[in-house]
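What follows is subunit A paired twice: with subunit B in the first complex and subunit C in the second.
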Partner chain A sequence: MGKRVGIVAVYQTKYEESKPYLHIHDLAYEPIKEILKISGLKFVGDGTGIDAAIGASQDHWDGYAISSKLYQDQIGGHLRPESRVRGDGAVAVFYAAMSILSGHYDTIIVLALAKESQVDGRLVESFGFEPNYTRMLGLDFLSAAALQAQNYIDKYGISPEQAALVVVKNRRNARFNPVAQAPADIEVQDVLNSPMLSSPLRELDTKPTSEGACTLILSTEEKVKKWTSKPVWIEGVGSCYDSSFLGDRELAEPRSLTSAALQAYRMAGISDPKKEIDVFELSEYTSYQELLWAEGLGLCEKGDGGKLVQSGATEIGGEVPINPSGGLLSGVPVNVAGADRVIEAVLQLRGEAQGCQVEGAKVALAHGTMGPCGQFHQIIVLRRGY
Partner chain B sequence: MLKLPLKIVNEDPLVLQGKIYLDYAYYVGPIATRFFTDLRDRGKFFGIRCGECGITYMPPRGTCGRCFGKLEEWVEVAPQGTVISHTITYYPSVCHPVKEPIVYAIVKLDGADTGLIHMLGDVEPSEAYSGMRVEAVFKEKREGNILDIKYFKPLR
Partner chain C sequence: MKERVAIIGIGQTKQSYLKPEVNAEEMVNEAVRKAIEDARLSMKDIDAVVSGNIEFLEGHYQADCQFADGFGAWMKPGLAIQTGGCTGGSLVVAGTMLAASGLFNKVLVIGWQKMDATPFTGAINTTREPIYDRHLNVGAAAFLAARGIRYMEETGCPEEIASLSRALVSEGASRNPYTHINRRLTAEEVMKSRVIVWPVRFYHLAPTSCGAAALVLANESEAKKAVKKPVWIKDLVVVHRETSVYRGGAVEVSSSPDAVEKAATTLFKRNGIVNPRKEIDVWETYSPSSWYDMFDMERRHIAEKGQAWRLIEKELTRFDREIPWNPSGGVVCSNPIGASGMLRVLQAALQIRGEAGGHQVPKEVRLAQADAYGGTHWSEFFLLSKYLS
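For the complex of A and B:
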């Protein structure tokens, strides 16, 4: 990138299994009102405030066609520019960065939100499969992720105990994250004793139902420097899709993740991610996925994800800390997940991650994913700018 | 006229129960039409081959994602194949076509290079394994869709 885009401010609601008293526009209102307060910015189009808004949500999850209409007024979309990313919030951050780099807008607010408890999520996911050959089989993202996990076990001998270590690490890390939904002081045996949902995935191996929202304000280098004393820069971005036919893919080889990561590493000038990136916030919808994503990012050799977590390298004090925030396994909503990873990365780089702080973190990687078994991946590499 | 399916089901918090009714008539297109017709009428599997990439796709589709080539070369593949991965799904879902537990599997049919997603049957779920050789069992009354394959059973 010639010019730079930075983060002005971030805000997360508390994540909870359900927020029954809130309409989607109430859910949107809190993180927008709060981020305006923190940043001191307003929705004005004269160059002194927020020029445009980008939301991240999905119609099927929200139960409304073009569901960004549900929060258009809250996000500053009244008689002003507003657009929406269908899906993961990390992509909304990517689009915001591109819009700013294009020179068309200087300052953009990003909102990601979901109320998962309003709908049967498995049914929503089943619509993610093409109707000709797959949908009638009743697969959803959980049973698909189970096919992936089993393939990973068969190929590399990953054990359920190794996968359970991811859950233990993340749920324990979440104890220090004030917005985390499900912090827990659990042991491997608790994971192995939880109900089997779709082998080899047990209940605790999977992301719980979650609700919440988060916001970010991004702007040009000049304005970020003016508006915050703790700038964080977006240094590298990359995204990639794998085949939409599950059976076309090598499920235990996240090649679209590797491709997205290599684009982002190249842009950020990173040649050895293990050494040059201090903290990783990944979208692990299952325990096994965190191991697979670590492999795909080049943090260990193929098939060594289990050994990596066993070695303690992915703990907060380890060589490659992954999900010090507690990650998705501690409860972060779909669509919010990737944007929330960016926010957790920003908090790390600002030294504001409280009990889950990775000391001296200067470079962080945030990851979002969409589609069954990580079909699409979005990588965002961020650097501390002060 | 369709009655709007919205009703209050809880007072505190006030909850409006809704449902989105959308009937679709999906046109499956010429490729899937031929695939399902062969499956229904002859109990045969046809994949489609990309000569450029040397890949026989199952299920068949009209273009090759790798080289952007139009695919036209139909290749018969065997009703037998190998399980690439599988899972035993225990939780209930309104989407499931049969009663749980369901053994879902990715099956690579002999002669195809990509896997078909389906179910396993005639097997104790715990005895299913990746690498298992299986064979398609067809429904007696076939309608021209993917469930014309009842399941894949172990090849004995």
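For the complex of A and C:
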């Protein structure tokens, strides 16, 4: 990347299973109000404030067509530039970075939000499948992820115990994360005893229903340096779509993730991610996916994801710490997931991750995904700038 | 300094009420193939794919993922954008940002809607607040009607003017093989069409259409190597608006600041355009009803407030006259929503190329204004130019 884009400020709400006392308007209000306070910036387009806004949300989860209308005034969209990424928040961060690099805007606020509890999420996800042949099989993203996990088990001999270690690690890490929804001091046996949802995925192997929102402010190198003493730079970005039809994909080989990661590594000048990246915040909708994503990112050989977690390498003090924040398994909503990964990476690089801090973290990778079984991936590589 | 971006490939499907012979992915694929072929490229040359529609209308979830293969996005970077009726404009904005970022040389931008799978008014009513507004089931027509009534009251414009305006755009539409309603109409025929919500009649209103549009955008160095003459996106302006005090059309149109006018004013001022009526050679606007034409001309400073209907009365807005207003037929002739805003840009680009066909305006087109409109009066405005400087 020629010019630099950096992070000025971040804010997360507390993530909870349900926030029945907040409408979507209200949910958007807190993280926007707070980030304006933290950054001291205003919605003014004269070069001294926030020029434009990008949201990340999806009509289906909001129950409204054109649901971005619900937060136009909160996000500073009144008589000003605004757009919406339909999907994951990490993509909105990517789009904001591109908009700044293009020279059209200097400073952009990104908002991601979802209220999962108000919707039958599995019904929504079933609409993500082709209607004539596959939707009627009852596929949703959970049952598709179960096919993926089973394929992974069959191909490489991954065991449910190894996958359960991911859950134990992430839920324990979440104990130190003040916004985490479901911190828990659990054992492997608790995971293996939890109810079966879609074989081989048990309840604790999957992301719980969650609600919340988060915001980021991105800007040009010059302004970031002026506005914060702890700049964090976006050094590399990459994204990639795989095929839609599950039968056209090797579900245990996340090739679109590898492609996205290689784009970002090249841009950030990273040749050995295992050595050069200090912390990874990944969107693991299931325990098995964290192992698969580690393989796709080149952190271990294919099929060695299980051994990687067993070795302790992905713990906070390990060689490749993954999800020190607790990750999605500790409860982060859809849409918010990828943007929240970026925020957790930023907190790590600023040394503000409290009990889940990876000591001396200089480079971090944040990841978002969309579509069933990780069809699309977005990678953002960030570097500490002070 | 912004990197300059140009349109180097153009593709669209025929727009129609029904497309039972294809699914959404197949429909889009036709436009994608045409755009790639028009640019004399192959999919290998495309660095990123930006796509979008209003997802709630057909009920597909994460359509960019579901149709990734037909969209040409397989193993490529990209993203999906959705705003409102202005989605097509938001897509062109996103494609322009990516192409100008320095990371992507050529970006494929896709806008589409397949409204034969859509209970449109039912779906669009879900944009309303659920406790007070949604059960009124007003759809879009009532808001357009309120605008029309207000315009007549304020300006003394006769009711027949909207019908004449519709007849004038039908002159271009009847020569545009891609548009949905391409029937040539007289003002009398339009007046005789049934009333939907008075004074809005059937032909005054954007239809529900199926269709897809695709553009290949390129940065300056790539655009200069393009086979066809590039059409430059000289500037763009995005103006959205809040919605929280939105309580019915009549109140809303009279009391709220105007996002469309702000977008137009900003665009013209920034590009040194002092007399848009003279300096802009072609207008392709997202005017969702013939009752918006007068209002939209005034917001774009083509006429003084309350005076635009006199331009229509003199028939100056026909595609081959002084003010070529929606020579393609515009949104009232064809409205596959997620594609509509892009089709405005696409049609303006065809005019600049001189490739519009039967509805090509009879003069050199150097500057064209195109825009998308939707949501709660959100606007994406574009100034397209034949020459780089």
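By definition in this document, the second predicted complex is superposed on the first by the 386 of 386 C-alpha atoms of A that agree within 3 Å, B and C clash if a C-alpha of one lies under 4 Å from a C-alpha of the other, contacts with A are read in each partner's own complex, and residues count from 1 in each chain.
Everything that follows uses one rule, which is that a contact is a pair of C-beta atoms (placed from the backbone, for glycine too) under 8 Å apart; a residue touches a chain by one contact, two chains touch by 3 or more.
These numbers were taken from a predicted model, which means no experiment stands behind them.
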Of subunit B and subunit C, the partner touching more residues of subunit A is C
Problem - Touching partner for A:Gln148 - first (subunit B), second (subunit C), both, neither - result: first
- Task: State whether A:Leu137 touches subunit B only (first), subunit C only (second), both chains, or neither.
- Result: first
Once chain A of both complexes is superposed, is A:Ser243 in touch with subunit B (first), subunit C (second), both, or neither?
both
Contacts for A:Arg86 in the overlay, against subunit B (first) and subunit C (second): which applies, first, second, both or neither? second
With the two structures laid over each other on chain A, which partner does A:Glu187 touch: subunit B (first), subunit C (second), both, or neither?
neither
- prompt: Does the superposition put A:Glu359 against subunit B (first), subunit C (second), both, or neither?
  reply: neither
I'd like to know which partner A:Gly63 touches here: subunit B for first, subunit C for second, both or neither. both
Query: Does the superposition put A:Tyr95 against subunit B (first), subunit C (second), both, or neither?
result: second
Residue overlap on subunit A between the subunit B interface and the subunit C interface 63, 126, 243, 245, 248
Seen from subunit B, its contact residues with subunit A in the complex are 13, 15, 18, 20, 24, 26, 28-29, 32, 57-59, 61, 65, 84-91, 93-97, 102, 104-106, 108, 114-119, 130-131, 145-147
Interface with subunit C, subunit A side, in the complex: residues 1-3, 25, 52, 58-60, 63-66, 68-70, 72-73, 77-87, 91, 94-95, 97-99, 101-104, 124-130, 237-245, 248, 255-256, 259-260, 263, 267, 370-372, 375-376
In the complex, the residues of subunit A that touch subunit B are 20-21, 63, 120, 122-123, 126, 131-140, 142-143, 146-151, 154, 195-201, 243, 245-248, 251
Within their complex, subunit C touches subunit A through residues 1-3, 49, 52, 54-57, 59-62, 64-69, 73-84, 90, 93-94, 96-98, 100-103, 123-124, 126-127, 236-244, 257, 259, 262, 374-376, 378
